[in-house]
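There are two complexes below, and they share chain A, which is joined by chain B in the first and by chain C in the second.
== the complex of A and B ==
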């Protein structure tokens, strides 16, 4: 019974998840691009690589911008959260073994205890963001159900992965939940707020270009 | 003195017969010493019980000395360790960790029985 379920979620379901993620991402970018071309050509006209990259570089530095300096706690958690969030699923040793055994790609792996700490940092970061959505009035005010859903989707594979790795609760149940939540994480990127992963680069480049190229001032 | 010598001889004999018996202790888990810094708990594997339960009568596929052109395993001597032929570091041929995983997981996947996820074999 377990073997059939495991085969289903790591086989067809995983392919569907990757397919939705990749095709959905292309669709999302293409549809936003054509919308911009139709309704907002001037924004495209003003966006310049030089200004855009300058702005993205500046915003990639912790405390590199006025925005980042405003609430240091949020800045620190945001950077740690996003770095761990991207690195763990790619370089986790269990995932590296699967990259190798299923796809024949070998990449270096994080030591288990490092990945373990990074996983806990993601869970802690998620908890911090949840606390802010509850307790900080200006954040609570702009929080909708969608935000809670997205936060749950993002943290779920880390929580279930951690519990599976440590074999806490029923391992078979946990590993299946982990794979399902992991696939959901990927597949929902293009269709939720998580699409900021795809489009925020462009938003930043545009804002940077308008400030530097039109208003002749910094956007950081 | 007359009694001590046969007693000593008997003890030596007992030891001589016991040592291989210790050596032949049933395999209940696999923790290959070739992995000098193991990253996972030992893999559960009760050799005889497993093969009885899984109804494997031959010693191949597990004990082999090579694979033929069709990819079929050629029978080999069970006294060799996997690590005698498969190295931890990647070289030519299947590296040790992949050799274990392929051997065990491929059959379980095919038979739709037996462990296939990490924690089912590497039990804490």
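== the complex of A and C ==
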């Protein structure tokens, strides 16, 4: 029974998940670009690679901007959270095997204990963000069900993966939940606030260009 | 945690009359029309990707001044206005529109300080200006700012200045100035002059001495300049802030076309922030120009040039330290901070910077059309800017008695804040100080 479910979630379901993620992302980007060309031509006109890259670089530096300096705890957690969030799913040794198996791609793996700590950091980061959504008035005021859902979707694969790896609770249930939540995580990127992963590079580059190019002023 | 609610409705006849005429159908249709025809991927991306982290909160002087009340944070204002309009596809009621208008017109100065705080680059100022656009189209605008927009529409200036009154004001100031500078003229409609000098309508209306001073400085510098007698002389643009972009476009076209008809090389504009924004940022784009069709030089740049090239020399500098108010629309908007510093150091012995300063400076809370919403909302901007009062108090404690303030809106806003908080700081335009302390080679001997 377990084997069949496992085969299902790592087989057809995974392909569907990847398909939704990839096609959904292409659709999202293409539809936004086409809308922008129709309605936001001036924004496209002012966007310049030089200013955009400068802005992205500056905002990629922890404490490199006024905003990052103003709330240090959020800055530290945000950077650690996002770095671990991206690196662990790609370079976890168990996933490295899957890359090889599914796509024939061979990449180096993170040592297991490092990946384990990074996973905990994602869970801790998610907990911190959840605490902010509850307790910090300016965050609580603007938090809706969507935000909780997205936070849950993001942290769930890490939590279930951690529990499965350490064989806490029922391994078989956990690993299946891990795969399902991981697929949901991917598939939901184009259709939720997680789409900031896809498009915020451009909104950053655009506003950076407006500031540096038109307003002769830094945007950080 | 119990979420705070918006409980600060202010009575305004414009908002009241406007909302009384609304029907649910009209509201929905208008919102949907604006969203579909005037917004696009930019607003959609902002709406879809804002992760509600709240980092922008500390950027906003309203939020800071209200002890962290989240209903004043930039994202807090978005979730009370545009986010609901989009999510509910325009199905909101008249009370909602009243609240949205009050927030967008009077609790956001479109100063864009929050850009320095948002990692995703979300432009809350743009979102608020689109809320204003919707309110304008619904006919729900604060009475006072709507009156200025009407004035723009009917007279092409902001203050119902009639054509003959305008010319009279110029002639009057010329006559006054000729007591001091016997050969001084305010050249009217001089075709082919190097400079067309344009001002905002409050100058002829109640700050007429600024025209005298500008004339004196131009005269002393030997500038080849002119002022137009016909419409297009007013560079101000409250329609940009009321959401009446059609009028905004007419105004900017008129201003530029006046300069083109006079065949001048460039426009020099008085010490105003929002008018500058409307020529390099919003008005020009509405008309389809990437930049302006006639070069526009702000007074800060012009004065810096006069002082650098020695065309104007200071006979004396201001004694004691001064501070600088960096107006959003010329600093965060156009990067004139270095020129402003050059001027400040050229005219004063010592400059003590406010904290924060330069592009990170706090807004005066009068800009973005807020002061133009008139007396009903005066307390909104004065109480909403304790952050500015604290900033000023800190430099006052360091011995500053004078604040250089090269923007009309900042003057109005800071004047009220200084008065209300009994800070005892004088506000001056650059022109005030240059005129008073420059070497006057062409003046009568005293």
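We adopt the following convention: the second predicted complex is superposed on the first by the 220 of 220 C-alpha atoms of A that agree within 3 Å, B and C clash if a C-alpha of one lies under 4 Å from a C-alpha of the other, contacts with A are read in each partner's own complex, and residues count from 1 in each chain.
FYI, a contact is a pair of C-beta atoms (placed from the backbone, for glycine too) under 8 Å apart; a residue touches a chain by one contact, two chains touch by 3 or more.
Note that the structure is a prediction, hence the values are computed from the model and not measured.
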So if we stack both complexes on chain A, do chain B and chain C clash, or do they fit? fit
So, A:199: does it touch chain B (first), chain C (second), both, or neither? second
A:112 in the overlay: touching chain B, chain C, both, or neither? Say first, second, both or neither. first
Check the residue A:214 against both partner chains and state whether it touches chain B (first), chain C (second), both, or neither. second
Answer with first, second, both or neither: which of chain B and chain C does A:167 touch in the superposed model? first
Answer with first, second, both or neither: which of chain B and chain C does A:95 touch in the superposed model? neither
Taking the C-alpha centre of chain A as the vertex, compute the angle to the C-alpha centres of chain B and chain C, in steps of 10 degrees. 170
Touching partner for A:54 - first (chain B), second (chain C), both, neither: neither
Partner with the higher number of touched chain A residues, chain C or chain B: C
Shortest CA-CA distance between chain B and chain C [superposed frame, angstrom]: 35
So chain A touches chain B in one structure and chain C in the other; where do those two contact lists coincide? none
Touch list for chain B against partner chain A, complex: 39, 97-98, 101-102, 108-109, 112-114, 116-120, 123-124
Chain A-touching residues of chain C, taken from the complex the two chains share: 1, 3-4, 38-42, 44-46, 48-59, 63, 68-71, 73, 75-76, 78-79, 115-123, 280-281, 285, 290, 331-337, 359-360
Residue numbers of chain A touching chain B in their complex, please. 3-4, 6-7, 93-94, 97, 100-101, 112, 164-167, 171-172, 175
Residue ranges of chain A touching chain C (in the complex, touch as defined): 32-33, 35-36, 38-40, 42-43, 45-46, 55, 59, 65-68, 70-71, 74, 78, 132, 134-144, 147, 150, 193, 195-196, 199-200, 202-208, 210-211, 214-220
